[in-house]
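Multiple structures are listed underneath, in structure tokens.
Look at the two complexes coming up: chain A is in both, with chain B in one and chain C in the other.
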Partner chain A sequence: MSSSSSAVEQAVATTVKLASGDGFAFIVDKAVAEQSPTIKNMLDVTRGGAFTEALTNQISFPEIKGKVLEKVCQYLIYKYRYAAEGSTERVPEFKFDLELSLELLMAADYLDC
Partner chain B sequence: TPQLDPQTQFEKIAQAIGEIYKHNASQLSFEELYRTAYGLVLSKNGPMLYNGVRTVLETHLRDCVEHDITSHATKASADPTIANNETFLASVRLLWSEHVTAMLMIKDVLMYVDNVYVKAAQLAPIYEMGMCAFRDTVLFAPSGSGLSTPIAKAFLRQISAERGGEDVDRSTLQGISNMLVELHDTASQARTVYEVTLEPQLIAESKTHYQAVAAVRIKTLGAPEYVLAAQADFDSEMGRVDAYLVPSTAKLLLSALQDELVGAYASGILNIADAGLTQMLDQRNISALCVLYNLYSPLPQPLGVLRSGITKHILALGSQITAALSSSESGEAKGATSAPEKAAATLGVAAKTTLALRWVQDILALYDIYDEFLLKSFGEGASM
Partner chain C sequence: MDPNDRARGSGTRPRRSGAGNTIKGPHSALTDYLQEIGASEHFRERRRAGGEAARQRAERQRAEGEAEAEVEAEAETETETETGRQAEDSADAALARDLHLEEERARRGGAESSRMAAESVAVAVESVAVPAGKGKRVAPARKTAKKKKKKQDSDSELDEGLNRGSARKGGRMRECAACGRRFLRRGAGEEGEEGEDVCPQCVRSRDRGAAPKPSAPRPSAPKPSGPSRRPRLKKAAGGLLEADARLTSLQDLCVRAIAQHVDRVDSLGDVSAPSLRRLCRIVSKMRVLDARTLGLFLGAERTAVELFDCTRLDAAALRRIVAEAPRVQALALDFCGRLDGAVLAAFAAGLRDLTRLRLDGAFLVRDAAWAGFFRDAGPRLRAVHVRFAGFGAAAMRALVTHCLALEDLRVSECTDFDDDCLALLAPPLTDAEEERQELERAERVRRIAGSPPITVPPTTAPPWRPLARLQRLDLARPHRAMASQTAQRVVRTLGAQLRLLDLSGFRDVDDAFVAHAVAPHCTALHELALAECNAVSPPAMAALFAAQGAGLLTRLDLGRCYMLTDAVVRAAVRHSGATLRSLTLNSVDDNLTRDGLLALSEARCPALEHLDLSWVRCTSDAVLEALLPACRRLERVVVYGCPDVTRFAPMRPGLQYVGRISDTL
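This part shows the complex of A and B:
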């Protein structure tokens, strides 16, 4: 029991919970989440002062809906996976529903990614 | 979701800035503040937000100066002891570093403003705006209560004390230098406040100080002691630059020292009665000559003076050798006249050869001595 709870503790420290306005929550690795400069700043503890989000490892986005946030998370993983490669690997297209476009665009603008 | 009016929204940010300065960021939600700024920019309230933030910063800084710094400034001005200067400068430095920490957080929270509004309106980014606010409120307040002059005065007094052998807190001074170097001059953006205010005063005061020091030393010390003392000063001033000044000052300070300690007294040092260049050469004071050469060689005019001084001395020694031998030659010749002619002639030739050999030997010995100088004191300087 004790080994699994410390493993849970370890997992929590390197991950962050992103919560949407309509009650959904997504847990992603910090390195993935920080592909968004905005989120990176929210979680920053090195500059002499940390905000609530950095201390609790949770960020709530009341204005972003669950299905949009889900797509954002997928995009962050996609960016994390392919951004560092340079241009040697063929990068697959990032697909999303057209109905999501506007909200996704606004979220991208908001999160600077 | 019902939108609050812009003014109320701005209040949220204004209040948050206050909390950030009080180290209470952990009570704040970054997301909420970020979203508030985002909303204000999108609703075309960017100007109100930007100007409002600047006002909040300026008011905060003014309050801090009034509560935390002014009393120390007055004390340091009235009674400039090392401790009072230190307290004053430390209080300025503390305000500065707290301000930098807060600005880093504020700029992150207002990142959307920087990326969208500031770029379009071609204004200074939030962080830079914060730096200008500090400069224009704390250092150069329009009411004339700016601290730039008292800071420079206290700083220079600490240097003066340290030159007099006292201990001062170097890390505070370094903090102040770093602060002045980060802030840019209003008139010419490329130059820092350090370059425009502190550095010129520092150089001017250093010149005055070393002018006086040299004037005393030239009367009381022999050449070896003078050059050693001068070298020690060079070393300690360069140490000072490394410890709490800015690298660009090194060249200016070095030049000032060279002018006042060496250039002004180039011949004077060499001609000190009974303890000048000739004495150093004759006593073969290699280490002192080395120091002398190191001080003179970067400066063309003093180097020329040194070179001609040595040349003159070598010529004088050479003539002495020739004169001594020719007088002993004539002494020998006198002795020869009493002997039979043939013997006299032979003696004369042999004696002349001996004399000639001795002359050559003496000259070679002189050459060796000066070659040693060349090697050890003058670093085989080609110009010598």
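This part shows the complex of A and C:
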């Protein structure tokens, strides 16, 4: 029991929960989430006066819809995976629907990713 | 060595000791940018003038230093005799001791005393060399000492400039050759061998014999060396440097997708106005605002159209604004270099509801076109902002005649805007008035006599009426010289109704202007900008604030008024401290001291949100620590060129520092 709860605790310590405005929540690794400088700043505990988000590891985006946030999370994983590649030929294209593109643009501009 | 080179050079390029100081290059965007934020000619002049003074001071101190060095040399020679002068290493040991001594001095005292120490080292070495008689051994040592002295000398000339602060206490950021980490190398220490940069940890581990540990997370791919190696994601203050990610960002991808399929993107009805504005900003930032994406921002129901980058919109595209958004009331076009007179006339004819217009960079529009525009659309206009356009006398005359409901006027940085244009804002001079009265009388006579009224010949001025509703007047940075007399007349006429007055760049306005025009008449000012008005002496500026009693200023811009003193700051704060929200003291460096800045904290500027202390070298972490508790609403502190503001400057949530040296790269 203790081992599984400590495993859970460990998982909690290294992940963040991103909550959208319409009730969806996405749990991603912290390293992945920190590909977005905005999120990285929010989660930064070394600043003088840490944000609540840094202490609770939960960030809510009331203005971003669930579908958009899902795409953003996919992009963050894509970026985390491919950002260190030496060349760009092997990196696959990141696809998304056109209907999402406007809101995705606003969300991307906010998260600066 | 240019401060520009230092800013450019302290990056990832590996530097050989001493050689990095002479890097010079073409005039880069960084140089332009530094000039824009205030690293101006004034500082270079001052440094040239200061160089002379510094050299004289160096002479004096060398005399003093020699006296000190003699004492030291005696001490050195005493230890020499103790350890045995004939030993091979004695000169080296002495030199090592001297270098350590110099290093100590450098750490303790700052560049000046290290210079003294270096000179004393050079003298001591010479005096040691003579009794030891080991010319061969000492020669290379003397060479290093001399090289160090030369380096320190070039530093000493810059001691008056940016070098004075703590960041330059004989230290330089170097990149470790072993592990790639950056470290601060002070003076002569921490060198593995001559010329190789190794961080202290690697030196220690190499001495211990272990392999140097690489720093935590390194990318697995080996970094290519040389010019193809680019800096990783670097976020600098205010987002000034673009992230050089190899992956296209999500914003890029989205904008490209939108731009490609713009015909299909028609669901913009439910996007709110602020979001639309943000979208436009993003699209402009990405340089994809062209004829295809323009349609996103126009529509029959739009009342405000604001396009931040019209470089890719040609005249036909701009005319679409008239066709597709005829009800627009506020039109703002930045970088609209392709807008010409015909399009402007189309605006006047087609946009019947237009009340606010902003055109930045419409340099193709000539005077006559402006005049025609004001004749047609003038009576409706409430705000006109023009920058970098061919706005001259004819345009000004038409504006003054027709735009009588004007509340907000900004004509800045227009090449044809000269003193006569400025004079049109004030009542014309008496001889013209007489001429006009003569004409009126003649007109009346003719009318009574029954003959058809004569047409007013075009050379005489039309009847002048003041712009009675004008509340905001911004004539910043004119390209021609403006006489102080004219400015006085304008301010005397309009001063009482002005809420914003911006006469930045009026280099000739003098004390009389401030004392006789601004002080008595501008009593309702909320925003005052007198940047670069260097002919106004500090006492006059202080008297301006003192004379007006309690003021209502929310924004005060005194940037580049190099001579201002602490008394001016104190008077300004006493005048408007309670209401001041934004204060700019960019480059006010010659006479300002800590006390002047601490006056901001004493008077407790509770509303201060934005503070610009760039290039005011006395700004330091300690001063900021005193300021922060007193200015509780402070959000943004701009400190370009303040070497004493380090990364240990006091932080608090909501506060942002822009331009700290430690923030870049």
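In this text, the second predicted complex is superposed on the first by the 111 of 113 C-alpha atoms of A that agree within 3 Å, B and C clash if a C-alpha of one lies under 4 Å from a C-alpha of the other, contacts with A are read in each partner's own complex, and residues count from 1 in each chain.
The criterion applied here is as follows: a contact is a pair of C-beta atoms (placed from the backbone, for glycine too) under 8 Å apart; a residue touches a chain by one contact, two chains touch by 3 or more.
What you see is a predicted model; the values in this text were computed from it and never measured.
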Fit or clash - chain C, chain B, common chain A: clash
Of chain B and chain C, the chain that contacts the larger number of chain A residues: C
Partner chain(s) touched by A:E70 [first = chain B, second = chain C, both, neither]: neither
Partner chain(s) touched by A:P37 [first = chain B, second = chain C, both, neither]: both
Which of chain B and chain C A:S60 touches, first, second, both or neither: first
Which of chain B and chain C A:L104 touches, first, second, both or neither: second
Which superposed partner A:D29 touches (first chain B, second chain C, both, neither): neither
Single chain B stretch clashing with chain C - from 80-88, 134-142, 152-160 or 350-358: 134-142
Intersection of chain A interface sets (partners chain B, chain C): 37, 47-49, 51, 112
In the complex, chain B residues that touch chain A: 1, 20, 23, 25-31, 34-35, 38, 101-102, 104-105, 108-109, 111-112, 115
List of chain A residues in touch with chain B within their complex: 37-38, 41-42, 44, 47-55, 59-63, 110, 112
Contact set on chain C toward chain A in their complex: 219-221, 235, 245-247, 249-251, 253-255, 257-258, 261, 264-265, 267-268, 271, 275, 278-279, 282, 650-653
Chain C-facing residues of chain A, complex: 37, 47-49, 51, 72, 75, 78-79, 82-86, 88, 91, 94, 96, 98-99, 101-102, 104-106, 108-109, 111-113
